[in-house]
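Order of writing sets the chain letters: A, B, C, D and E. Residues in each chain are counted from 1.
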Amino acid sequence: MIKFPILTLLVLVPAAGAAIVALISKRQPDLVKVVAMIASVLTGGMALWVLFAFKSQNADFQFVSQHVWIKPWGISWHLGVDGISLFLVVLTGVLFPLVIIGIDPHHDHKRYLSWMLLLEAGVMGSFISLDLFLFFVFFEIVLVPMYFLIGGWGYDDRIYAATKFFLFTMVGSAFMLVGIISTAVLAKAGPGGSVTFDLIKIAENATFAASTGRWLFFAFAIAFAVKVPLFPLHTWLPDAHTQAPTGGSVILAGVLLKMGTYGLLRFGVYLFPEAAVWARPLFLTLAVIGILWGAVAATMQTDLKRLVAYSSVAHLGFIVLGTFALTTVAITGSVMQSVNHGISTGALFLMVGMIYERRHTREISKLKGLQKAAPVFAAAFMVIMLSSIGVPGLNGFVGEFMILIGSFGTARWWVAVAASGVIFAAVYLLWAYQRVFHGEPDDDNKTFPELKWKEATLLLPFISIIVFAGVFPKPMLSRIEPSVNKLITHIEERSDWRAPQPTVGVRPLEVESAVTDSAEDGEG
Amino acid sequence: MGALFAATLQGPKIDWFALSPLLLLLGGAMLLLVGGALTPPWPKHGYALFTSAIAIAAGVCGVLLWYRIDDKGPVRLVGNALSLDKVGLWLTITMCVGVFLAALVSDDYLRREDLDGPELYSLSLLAALGGIVMSSANDLIVLFLGLEILSISLYVMAASHRKRIESQEAGLKYFVLGGFSSAFFLYGVALVYGGAGSTNFDQIVAAFDATVQLDRQNDALVLAGVALLLVGLAFKVAAVPFHFWSPDVYEGSPTPVTAFMASVGKTAAFGAMLRVLLLALPHWRDDYRPALWVIAVLTLVGGSVMAVVQTNVKRMLAFSSISHAGFILVGVEAAAHGTGATLSTTGVSSVLLYLLIYSVLVIGTFGVVSAVGRTGDANTGLAGFRGLGKNQPALALGMTVLLLAQAGVPLTSGFIAKFGVITAAVDVHSYAIALIAMVSAVIAAFLYLRIMVSMWVSEPEAGDDTREPVRVPALLGVAISLSVAFTLVIGFLPGRLIDIAP
Amino acid sequence: MIAAIATPTTTWYLLLGAVLFSIGVIGVMVRRNPLILFMCVELMLNAVNLTFVALARRFGDIGGQSTVFFVMVVAAAEVVVGLGIAVAILRRKPHATTDDMAELKG
Amino acid sequence: MLDLVWLIPALPLAGFICILLFGRKLGDPKAGYFATAMVGASFLVTVGVFADMMSKTAEERSHLRTLFQWIPVGSLKVDLALLADPLSITMCLFVTGIGTLIHLYAVGYMHGDSKFSKFFLYLNLFAFSMLMLVLGSNMLVTFLGWEGVGTCSYLLIAFWHQKDSAATAGKKAFITNRVGDWGFMMAMFFAFWAVGSLDYSVINHSLLSTSTATAIALFCFIGACGKSAQLPLYLWLPDAMEGPTPVSALIHAATMVTAGVYLMCRISPVLEIASNYAGWIIAIIGAATAFYAATIAVAQNDIKKVLAYSTVSQLGYMFLAVGSGAYTAALFHMITHAFFKALLFLGAGSVIHGMHHEQDMRRMGALRKLMPITAITFIIGWLAIAGVPPFAGFWSKDEILLFAYDKSPILWFVGLVTALLTAYYMTRQVIMVFYGKARWNDAHEEHGAHGDTEPHESPWMMVTPLMVLAVLSIVGGAINLPFSHTTERLVTWLEPVVVVRESTTAKLPLAIIAIVVGLVGIGLAIIVYAKHRVKAIEPQILADAWGYDRAVSNFMGGPGRQAFDGLAWADGHVVDGAVNGTGALVRSIAGKVRKLQTGNVRTYAAAIGAGVVLLLMWFVVVRGIL
Amino acid sequence: MELFVFIVAAAMVLVGAVGVVVRKHPVHAALSLVMTLFGIAVLFVAQEAHFLAAVQVIVYAGAIVVLFLFVIMLLGVDNAEDLHIEPFRVQRPVAAAVGSGLVTIIGLAIIASRKATVPVVTQSQAVQDAALDPHDGNIRALARDVFSDHVLAFELTSVLLVIAVVATVMLARKPKPGELVIIETPVSVK
């Protein structure tokens, strides 16, 4: 079972699927669809299998498979999952089949599907690769299919958006590539002597001078900050989201952005703990600014999709905040939130897509009173929206709360501000909901079709995950936490960072006595 | 007297096998010329296939020599005029590959343009010969002659399209500027000779070993020489600010010739640069390294920035090849950090890797352009590529792969090449230039995206369907698919190639 | 005895070469007639030849001279090719100057 | 029986799920009855639990029931656990009790509404959330309910979402509550990092530093202000009257709005540790709100608006009590208030129902003949709230004033004035609605859309709750009579959980003053509105609630919005502008540089020449001769 | 004596060179070129490079310049070029700057390193023998050098010539009918 190269297959199956789809003749659209479906579903199945076979309460990388790839450069095909990546892998595995089966690109199915599958392979790869070079390969290759998906199946301004997305991200990767190489070259001096790009070897053995480590850290961090995106590098996101086809947006919000947050954890904090600790204030501040900035900008959008896009900026601000709070609770929350955001924002984009399908507009001002016309549709939207607002009992809350409460101990003032983002979230989403769904529908919106069965079945998984993860997150947490703890100890060993523990309550002998005497010194 | 003469004149002993690539190319060229002149026009594909056969043969000899070096080690040939080492051989093989692919690309083009005949092929063989001489020369004069052989053949090839005045304009420009710059190079040779008393690399190094240390300041003359040599070489590799000729010439020349220049021409020039700088002038490293640094940066940025505003694909690719030259210069700069007269540094091997990969890449790309250009290279504008994704999906896909490779996207050879160069630069701690290189690569990526967009995304416009359809004839198809295959294979499994790179 | 005052040393020749070379360079930059451009390039080459010969004399080395010999051949070949191109162009565009051959630009 | 405490919230939840699945099939009125049955069942369970608890000694009355681990990560271990103790069970009793009544009432009130079943769906969900709120054994579970009731109130206020005013009101309620929630979360953060847990048992029994305790207390209070509509966050409550009247009765009078008070009592030990300015702040805000809202209520003409402001005012009372350390008094008033305010709202609802959704009191009058039961019950409610002995309101209000006097006579005086105003505006309302001459006939000229112009009494399922609540409003005070320690049943009952203070002041004089003041208020109102001796004083400023609401909305619509727009603009033009600017810059540079590419050989030669000279300078001059 | 020769020859060289640059008429320019070449030849002689001097006169002054003149006449491009107009205003200043810059810097370099140690040149055996020869050692030595040390270079020059041949064949070939489009441009007086 361990020998079975499940992770390798996770990458290869979709890739192979993409190749096959590309080779099938255009004249057999059905065959194309079937192949794509099989490939993605198979991948999803394997991802779920990984989820269930994954040993919880185990901090190490599991299902590891390692083969030499480019010997002279010390590069190997090194894959593995741990708690931090597990659920992103599962999310990827689940999201893609839904998108591939559920969303119709309307033209050029063949090319669309093969790009999609290639994208899936890339995303999968970047979540499970444990080799800097390998990671970079996947991280970068993802741009190509995404570029073509936006450029080929997007809306009016798609070329601009796609190009912006491609170049913006590439600038980041430019820094990261230099960073990766420098890391490997500088780590060479350590034990072993030969160059290696192996994440674990470098992280465990290499020691960088503080200044060097910080430079390297920033080389990586820039790339991830663009991908996340972190204020002020976020402006590619609204364009990309708005112009991308629905499927693209779902994937983009669902998993692509997570490559950034995941990267920050795995290749920023884990690789350069000292620098990460040193850079905390900067990143916390940017994260908080991002939360408020994204929220305010979202409030003022007139395009529903753009609004959701900006909400992503805000949500990811939370994730970054948790990441750099560097406490178990906060980081676990961040990982959790990465998944949650993928689910709920992905679902939001899905529904915005459905609205566009029906009304051929995303202009909020053109929509009105949809709840009267399509109550069920509205209800579904409401649930997803509430999870995005972060109402307890739904998944959105759990992550957000863990991030905030976890960060409070190490970043009190940042949290005080960030928590107000919760208010803004309500503002922009409820306002949008009111404008779109409430009121009397006008003639264009009277005939707004109700949720179809197909769409409902597409949404069902999302909503059920939303509720389940909100009510019973324990299974997720118990798998995530050990790896996070390991990461924290790793940081503490390699920097002067000490993750604070809350002072556990002291029980006085008698409540009243405690009350009275402390009340007195209260008076004093 | 006669006796004395006979007694004392013994020419250097010649190792014919070591010269076999040169001899093959020369012989092939002669056969083409004489045969072509004496016999009626050869059957379709005849000239091209013959040329490529010759190229392959030369390449094979190169490989055999490679193995010979493995057990015998490098040697000097023809009285220290040439040196047979792995660097030279690598470049030799690279150029043979270049000639081979270029011949395949040329075949249909020439027939289409009604220029078919043995001359161009023979010139390409001779040019390659010149290039090989350059990149394995061990004597400045020999190197200069090689350079002239290469350049003059290229002038002629550039001007060879009788129907297009642009082609002749390109030829003229290339000729005038080429002559101008090789005069500088030659003057440089003279001045270095003035300092060293010889033009032979080994003797130059020896001479400076003796003198440099004691009276450094007296060698202003040699320094001037170094500067002028650098000018000549920078011109050949089209480095900013000596690049002005290349966009015009690339655009004007017949597309297969452009491909040939971009591959064989650049390879030879960089080979020469490596030899001159590292083997002849190792003492002046600290003097020319900063200059190289500046030139490299200018070339990187200039090339990619100027490409942004172009609309003619050939011209775009010209500028992109300038910025590629910049990348290679980064490798050269890294190589210039070593010590002693040696070519065995990561810098050199990264350059060699880049040259091989880029040669294949660029010929494939221009191959596509020559197909899309249609008769008379009339449609080399971006508009010419519109709708290619619909009408010729396979071709468009191949082009996409090649362009992505040029942009340095992973899993393509282009990425491996860039990776190697950056590694070399980082190895010697020139981080700044590495960063600049990567960022300028992003700028350059923009133009590849533009081409891809017009192939896949742009809406068809009125009159598109009335245009002459894009044909992909057999040999051209072979050439393109070969280079695409190479691009991908190296992209996925570069290990072996990196291993053997000297 | 004048010779006693000053016999021209190698340096003189080198300087002369430098001047001649620069004149050639200037020529290339200012003249518009392609043929005259070629002539200017010839001037540059000759300057180099002069330098070689002077240096060869100084070193008492014959190699410099043989180099000059090769350069002459190169020059000849260049001229031939150059004139060939010029002919090809001028046939089509009589009286064309290099300024007229500026279609490719930007 | 205590172990069955989980059933209390579970039953409404079950109701919610069933209606979610089969609501459409059940339809009107079965869905309503089903929901009612569910809440009623949970009331019975509560009674059972209560009885069981009574039978135990004071020490073992609090019982923890852990359902499952909710968020166990690192040092944060939050269980989904229910805490049954006197406080929570008391809450449950009146939540489920009044809840049942109002469900029943709603069956009649919502009859014929197109979304009948959905209404009960929300109502059950609300009941569930509210019960989670009160039963939660730690702050997070409470927060779960806290947000849940907020969401439900949003859904229910905006129930008639086609009306823009309703939609806006719902949104306003949710967002304003969120502001409070921010405070609640901050309080949790402080608590967690201070004691490493969110359980009340730990927080309440830990030796907190004064500063931490103050922080927790005040942040909790911010949360309470949002939920319980205190200054400055009360804004949403009057608008919330857009919702159906049963909702106003259940959520915005009896139960949800009292959650804030409940929370403060829940953490009363922390409040006690907190430095005493915390108490002052709470008391002052409470008193201010009470007075402020009362003045506004004087000038309202909407029958429900009057009650809304009166609710705000009464809640102010409760916080005044909390601030004065009289937690039991606060809870006492909360219960009695629940009785009579629910009664009043339902009465108002019945009036509105009878008047075919006419809410303007100026169009009413003389209704007592047409809807006798409503009238009588309403009058009982009036007496209760006006603080006339022996009705429920009198006892609780008196208790509060007593402790307020302990804290400071000024607070007491403000409370007293408020009492007077309360009596005044309630009397005004009763007169305008049930006495005087009937003004509804002329009202119907404008909108006689309805079939019969005749107001009519409401069906049984609406009046039954009225009668039950009326009884409770009369005898409700009995649970805590101030005569002797034994008669203070509520206090003794809550003692193990809530901090109890003994008042030092003489009760009787204050009581008498209170009664007098109440009667004076009634008298004044009668003079003004019944006898018309004096012109009514209803300045516009009061009708506009001192213009505070408008000021806020003006700010939001004006500068606030401009600021938002400005930022959005900055995002597009500054941040993104920088990005696009870079692109434009590159292009323009390229555009300039390409001019050098003249295509003329001689220019190129010149460029090369220049390059040569520069290189030579570097090599010869810089490196060589120098 | 040598000084005198040098001055005269240098004068010829420079005057000729300047002539090439400034004479309007291509034919005149060609003739000035001849003058320069002669001057160079004289200097060769002064530098004891007799063979080269001969070649200089025969090949250069003889063949090449004649070739120039031939082409000029063949194409009838013997029209004067108006040197008073310069379309690019910066061109001549730049040219002047570059030219003077070159002279100054290289001149500086030459002067700076005039005392540089003369490297010891090792001649191949064959060449050394030739030097012993009482007859004109120069040509013989040259020959021996060319055929021993520089034999490869010598062979390469032959390749060059081949290319030159091919070039003329390709470029100057008589165009097929209809292939040659004459674009008549007025005598450029830009």
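The rule is simple: a contact is a pair of C-beta atoms (placed from the backbone, for glycine too) under 8 Å apart; a residue touches a chain by one contact, two chains touch by 3 or more.
The shown structure was predicted, so the numbers you read here are calculated from the model rather than taken from an experiment.
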item	value
Intersection of the contact lists for chain C and chain D	B, E
Shortest chain-hopping distance from chain D out to chain E	1
Farthest chain relative to chain E (centres taken as mean CA coordinates)	D
Between the pairs C-E and A-B, the one where more C-beta pairs touch	C-E
Distance-to-centre winner among chains (Cα means, whole assembly as reference)	A
Farthest chain (mean CA position) relative to chain B	D
Centre distance in Å when chain A and chain C are each reduced to the mean of their C-alpha atoms	67
Rounded Å distance between chain A and chain D, as computed from the means of their C-alpha atoms	36
Centre-of-Cα separation between chain C and chain B, whole angstrom	27
Centre distance in Å when chain A and chain E are each reduced to the mean of their C-alpha atoms	71
Numbers and ranges of chain E residues touching at least 2 other chains	91, 94-95, 98-99, 102, 105-106, 108-110, 112, 118-119, 121, 149-150, 153, 157, 160, 163-164, 167, 170-171, 175, 183
Per-residue overlap in chain D, given as positions that touch at least 2 other chains	594, 597-603, 605-606, 609-610, 612, 616, 620, 624-625
Multi-partner residues of chain A (each touching 2 or more other chains)	none
Chains touching one another, given as label pairs in label order	A-B, A-D, B-C, B-D, B-E, C-D, C-E, D-E
Residues on chain D engaged by chain C in the complex (per definition of touch)	594, 597-602, 605-606, 609
Interface residues, chain C side, partner chain D - complex	25, 28-32, 37, 98-99, 101-106
Residue ranges of chain A touching chain B (in the complex, touch as defined)	68-73, 136-138, 140-141, 143-144, 147-148, 151-152, 158-159, 163, 166-167, 170-171, 174-175, 177-178, 181-182, 185
In the complex, chain E residues that touch chain B	105-106, 108-110, 112-113, 115-122, 124-126, 129, 133, 144, 147-153, 156-157, 159-160, 162-164, 166-167, 169-171, 175, 179, 183
Chain E residues touching chain C - in the complex, by the definition given at the top	1-4, 6, 10, 13-14, 17-18, 20-21, 26, 29-30, 33, 36-37, 40, 43-44, 46-49, 51-52, 55-56, 59-60, 63-64, 67-68, 71-72, 74-77, 79, 81, 83, 86-87, 91-92, 94-96, 98-100, 102-103, 106-107, 110-111, 114, 118-119, 121, 123, 127, 130, 138, 141-142, 145-146, 149-150, 153-154, 157, 160-161, 163-164, 167-168, 170-172, 175, 180-188, 190
